[in-house]
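These are the structures in question, set out in turn.
Same chain, two partners: chain A is paired with chain B first, then with chain C.
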Partner chain A sequence: MQKLILVSALLLLGACARLDHVQIGDIDQSNGALSPISVKVSENGVEMAVVAGVAAELASQSKRNQQLKEIRDFLALINMGPRTGNPVFFDTYAQNVLDALYQQCASGKITGIRNIREGKTYGPVSGEIVRIDADCIL
Partner chain B sequence: MIRLFTALLATLMLSGCMSLNSVSLTQIPSDKGQLVSAKAHDWVFLGFTTQNNFVDEAVNNLKQECPNGKLTGVLTKHQTTAYVLVFKREVIASGYCKKA
Partner chain C sequence: MNFKLVFTLAFTLLVTGCTHSIHMVHTDGFGASMTPKTESTKIVEANSEQTVFLFFAFDTDYVDQAKADLESKCHGDLQAISTQYSTSHGFLHWTNKILMKGICAS
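Moving on to the complex of A and B:
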């Protein structure tokens, strides 16, 4: 019964969108027509404590269950503190967004930059997304 | 007594608890124009949603407030209001519009 509830909860939480931060920059509509451009980069984030917790619930042996719960608690402790989204394995995934943005704008005149930090959550796994929308002055 | 308790409970539950997720402000020039603002929101039940499209709606609404002009000093607020099992996610943006 517990497993059923757990699986149901995971399914319910499947692909939930999360919005962490929005920033809208200056918008110049006085220097010509605007064409929308966008760059989106994503990195996989994993909540390891939740993974260990799920494994503990699914473990059939009580000794294994207890060990996994200890691992879960340990992981929760080392990941404690303020953060946005799940921990990721590479912290440089959003470094080249400016170059990518300029590649989409031949005139090089970019305005209306919107920085959006969001995420897609699939249970304990998530896509930690950085999206930069802007307008290219043609 | 029960009526009073129910009224108090309903007031507390329906008034909503607000949290401010993020705030940002861009530079404000000395020759700033007229203050304009726009907002957009969506409702989510128990936090289940698959999109954040209301952000784009807020940007488009702000652009419409200043056609052919230049928006500076843009203040962006992203806030969430929690009601009973339902959340209102909102983006409120304001800025100074200087017409060309």
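Moving on to the complex of A and C:
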């Protein structure tokens, strides 16, 4: 029980921001005043293999410990592939950022676009974020 | 492995069977010549995929395929392209995906 409380406290205190990718485009300051706009979408991510691994470490019975390790290995096998941050269960959360950005700017002219892929991690759980900041030419 | 463990693994596979990871979303091209949103503008999109077994991938042609597909869907001015690169994970394989969207002014 003490182990569980300690690990939980570490996970809560260990919440961190994570930047995976950032890219900026042209900045046009010659065609009118600029107004900041932003689109941010996110999805919950979880690394199930890490969860099973932590549970295995916490398990007091050796048999249960072994079973959880097998589950951890199985999860790693069925979720193979490159990853940025923790895996999510839905990959459609960022599909409409283009339309959302376009709708926020009546003139349609957008400059200084910053494409940001980031996350907020709480141990094996995280918020996987896609954020587009930009300036609308008024 | 006993029956209980097999059941647990099968249940786990069912619940977490397919996870995904979005690596990058990039948007650009809303320049000074960009047209405001009207009835003559519409969003077009194209998808392409590449399945990779056990780390073996020999080309990245699926990106070019998505671009060609997007171009074929707009016969006017294709502006403001967004590109999403993601991966769907699987058992000993994964699928890389490209989603391209653009605003077509015709």
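Operating definition for what follows: the second predicted complex is superposed on the first by the 125 of 138 C-alpha atoms of A that agree within 3 Å, B and C clash if a C-alpha of one lies under 4 Å from a C-alpha of the other, contacts with A are read in each partner's own complex, and residues count from 1 in each chain.
We adopt the following convention: contacts are C-beta pairs under 8 Å (C-beta built on N, C-alpha and C of every residue); 3 or more make two chains touch, one makes a residue touch a chain.
Predicted, not measured: the structure shown is a model, and the values here were computed from it.
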- Task: Sticking to the clash and touch definitions up top, decide whether chain B and chain C on chain A clash or fit.
- Result: fit
- Query: Which partner does A:Glu118 reach: the first (chain B), the second (chain C), both, or neither?
  - Reply: first
- Quick one: classify A:Ala94 as touching chain B (first), chain C (second), both or neither. second
- Task: Applying the touch criterion given at the start, work out whether A:Asp28 contacts chain B, chain C, both or neither, answering first, second, both or neither.
- Result: both
- Using the superposition on chain A described above, determine whether A:Ala15 touches chain B (first), chain C (second), both, or neither. first
- Of chain C and chain B, partner touching more chain A residues: C
- Message: After the superposition on A, what does A:Met48 contact: first (chain B), second (chain C), both or neither?
- Response: second
- Message: One more residue to check, A:Asp133. First (chain B), second (chain C), both or neither?
- Response: first
- Task: Just the number, please: smallest Cα separation between chain B and chain C in the overlaid arrangement, in Å.
- Result: 8
- Message: Just to be sure I follow: which residues of chain A are touched by chain B in one complex and then by chain C in the other one?
- Response: 20-21, 23, 25-26, 28
- Message: For a test of understanding, state which residues of chain A touch chain C in their complex under the given definition.
- Response: 20-21, 23, 25-26, 28, 31, 48, 67, 70-71, 74-75, 77-91, 93-95, 97-99, 101-103, 105-111, 113, 115, 117, 128, 130, 132, 134, 137
- Listed in rising order, chain C residues that touch chain A in their complex are 1, 5, 8-9, 12-13, 16-32, 34-37, 43, 52, 80, 82, 84, 86-97, 99, 101-103
- Message: Show me the residue ranges of chain A that touch chain B in the complex, using the header's touch definition.
- Response: 12-13, 15-17, 19-30, 112, 114, 116, 118, 133
- Task: Flag every residue of chain B that touches chain A in the complex, lowest number first.
- Result: 21-22, 24, 26-27, 47-52, 55-56, 58-59, 62-63, 66-74, 76, 78, 89, 91, 93, 95, 98-100
